[in-house]
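My questions will all concern the structure given below.
Going in written order, the chains are labelled A, B, C, D, E and F, and every chain counts its residues from 1.
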Amino acid sequence: MATFTHIDSSSRPTMVDVSDKAVTKRTATAQTRVRFPAEVAEALRSQQFNTPKGPVFQTAIIAGTMAAKRTHDLIPFCHPLGIEKCTMAIEMDGDDAVVRCTVSVHHKTGVEMEALTGASVAALTIYDMCKALSHDILIAETRLVEKRGGKSDVG
Amino acid sequence: MATFTHIDSSSRPTMVDVSDKAVTKRTATAQTRVRFPAEVAEALRSQQFNTPKGPVFQTAIIAGTMAAKRTHDLIPFCHPLGIEKCTMAIEMDGDDAVVRCTVSVHHKTGVEMEALTGASVAALTIYDMCKALSHDILIAETRLVEKRGGKSDVG
Amino acid sequence: MATFTHIDSSSRPTMVDVSDKAVTKRTATAQTRVRFPAEVAEALRSQQFNTPKGPVFQTAIIAGTMAAKRTHDLIPFCHPLGIEKCTMAIEMDGDDAVVRCTVSVHHKTGVEMEALTGASVAALTIYDMCKALSHDILIAETRLVEKRGGKSDVG
Amino acid sequence: MATFTHIDSSSRPTMVDVSDKAVTKRTATAQTRVRFPAEVAEALRSQQFNTPKGPVFQTAIIAGTMAAKRTHDLIPFCHPLGIEKCTMAIEMDGDDAVVRCTVSVHHKTGVEMEALTGASVAALTIYDMCKALSHDILIAETRLVEKRGGKSDVG
Amino acid sequence: MATFTHIDSSSRPTMVDVSDKAVTKRTATAQTRVRFPAEVAEALRSQQFNTPKGPVFQTAIIAGTMAAKRTHDLIPFCHPLGIEKCTMAIEMDGDDAVVRCTVSVHHKTGVEMEALTGASVAALTIYDMCKALSHDILIAETRLVEKRGGKSDVG
Amino acid sequence: MATFTHIDSSSRPTMVDVSDKAVTKRTATAQTRVRFPAEVAEALRSQQFNTPKGPVFQTAIIAGTMAAKRTHDLIPFCHPLGIEKCTMAIEMDGDDAVVRCTVSVHHKTGVEMEALTGASVAALTIYDMCKALSHDILIAETRLVEKRGGKSDVG
């Protein structure tokens, strides 16, 4: 069974102390998937993914990038850090928009939450830009794809 | 085919003008699902969902509520509004944690993005609280469950 | 013994639902007190409360006012609200700087947390402006002085 | 008499230039004290410090930690810095809840304001969680307990 | 000579009390002008105003809209308010990009600062998107164009 | 003709990757100019630049400094960075208030946007403090004056 290193008996919430960890280059990539109903996907394609509120994917990339920078302001025990790279790509896969967000930093802690937050807020923005067409849009399968530079690599 | 009312030919992004809409009571409920690998779910259950970073669900509810209040700061064309209610519930369904977020306001525009943002940030926080156990945690199926008080109801 | 109306058995944190409450004019005044060591108070008086970082009280009033506006961003279950008045006054009482902050709004919930937050951040700013002189400065007795317009008045 | 190194004659407010200072490990601990009226303390004890709004101390620790990260956004001339550790503890001492906040960073400037802000916002959150019971709760004696790593140590 | 209604003798900074003012529909339009050196304007035109960082005007409109919503967080004595409309348009006039921002709200105070802040941050974003080409770009003539719904109209 | 190094064919917006750049000391100075109508300038001079809302220039310096710290939160593709110095000076030049903002940091990217944002928000604050006198106040000629420490120097 998976176990945590230690559990404080009083369940006191706390930020992990990273002050004595080494600064290394950390990179993480997260992915999410916005599932459009078929007729919504068709409508969006026929309009080159522009809606009355503007270009869907460009707006989502900007919102996702700004959210990635603010991750520590949203997730209580994420350390504040100055991300050095945030790349977002959105591509259609059938009727799904697949969002990928890669974040890098030289720091004492990883950036998987930054990548996940960037991807999630981009997906929420896609929803917002398209919800006048349908409320049956789903945000599916947000997950970490890759992680480099910490104690253990992923992906 | 679904169609938008109008598309500005220049794809100029823009916030919808709600200034002449009626103030009504708007409510929306969103749901998301955090999928734990079986051994992670078991470890969490055996520790009553406490981790070295603190109680998972209470921390997630607080982060989600704070994010719901800040939705307009994250999603570019969401109107700022003062939510009057934000209720979050998290329950286990098999190895999944199901997050529900209900938001209400009396205003000229709906609160579905607030409910979706609250649920999403709660899910991201659950991920952050548990990621020391595994990076194979997934955030699955974020969607709108119900919406009342606008032009059209959902759910 | 004082009692709460109800306690949710699972200790689930939650924002109070104010959506069906009446909008009334709410006012609250909070007070705090920054206690300077005698020689610090003397140094500040001799410089008309200017330090190398600038005018102490004016800077504190600006910081406190900005913080009062952002109370709901700091205190997890405070409702977001658009304060209509925020008056701050700082006066010396012996070697203490007494900060008073009065906030008003027409809304469904009171503004005592806004007044307390405004006063507290003003006091923290006074500390920051003067800490080059001494770290023995104390922030003492932050409390609600008056509250009008809700279910029960205070003061 | 205590004196400042220099006073700009025009009282122009300004952030201290730390660009040429050395990066060292800085730590600071601040403490505050929330004074409950006796019957409020008793009610809280009988409910294991849970209220209808949720668990008092865990909510306060989360809010305080998030505020410590945002100190430079609240206090005008505090430098932005990425704190590496933020530990909060809350314990009862008679009818008082004593909040301690310790912050660490490797940086060119100290973290006493971060520790004081974290403790203060935790105290304000305790007030907010309990104010349905009484408005006679006081926040008393917020002060710096210890400071290490700068020009001069405290405590 | 123009005069203020009253000056507090102690120069105490303060937010204006609008709590007893009437709610009316307020609208304001601000304009700014980004002046490109001729060869920069030519380069931008030849690339349809896209740069390696993305589409210049769409990015600026999104940033300006988000900043307009946050005006009260930037300007110390601006009242927080929930804007109901924010329209931004950017057009070339010779080698200048002319940014117009119109904001509306039903509230007790005007929205000229929101319009000016939206236009200014859009202009700063244009600068940021294009500065790899030249640092001789100027932001010129930011001003209020029109204001309706308050004590006195402008424009 | 000025050219960009490369244009992504799909106009995908993106933050520049600075993760492999060298940390050097970066400094930038920006300037803006608030143009008062003659009678407004005269009124302000006769009141030593105090208005009913408080001291104009000190309030502007505080707001500008706080905004400089938050530049990356306003401009979508600015990297978050912890500025180490932010000096603001405001002086009258005829009927114009000239705002200068100098920012320094040791980092992988420059601080010209921080200096420009600090100066712009200071100018907006001056406008807000004085707009009760006239809405004919202009913000004119915001520009970069000097830049040191990057690939190429300016000024």
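The criterion applied here is as follows: a residue touches a chain if its C-beta (ideal position, glycine included) is under 8 Å from a C-beta of that chain, and two chains touch if they have at least 3 such contacts.
Bear in mind the structure is a predicted one, so any value in this text is a computation, not a measurement.
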item	value
Set of chains adjacent to subunit A and to subunit F	D, E
Repeat of interface A-F, chosen from A-D, B-D or A-B - more than half of residue-number contact pairs shared	A-D
Fitted rotation between subunit A and its twin subunit C in degrees, CA, nearest 5	180
Computed distance of Cα centres, subunit F from subunit B, in Å	36
Computed distance of Cα centres, subunit F from subunit C, in Å	30
Residues of subunit C engaged with two or more neighbouring chains	11-15, 54-55, 58-59, 61-63, 66, 70, 76-77, 81-82
Touch-based graph of the chains, sorted into line, ring, star, complete or other	other
Set of all touching chain pairs, with the criterion as stated earlier	A-B, A-D, A-E, A-F, B-C, B-D, B-E, C-D, C-E, C-F, D-F, E-F
List of subunit E residues in touch with subunit A within their complex	54-55, 58-59, 61-63, 66
Sites on subunit D touched by subunit A in the complex	25, 57-58, 61-62, 65-66, 69-70, 81-89, 104-106
Residue ranges of subunit C in contact with subunit B within the complex	11-15, 17-19, 72-73, 76-77, 79-82, 107-108
Residues on subunit C engaged by subunit D in the complex (per definition of touch)	1-8, 11-16, 32, 39-40, 42-43, 46-47, 50-55, 58-59, 62-63, 66-67, 70, 74-78, 112-113, 116-117, 120-121, 123-125, 127-129, 131-144, 147, 154
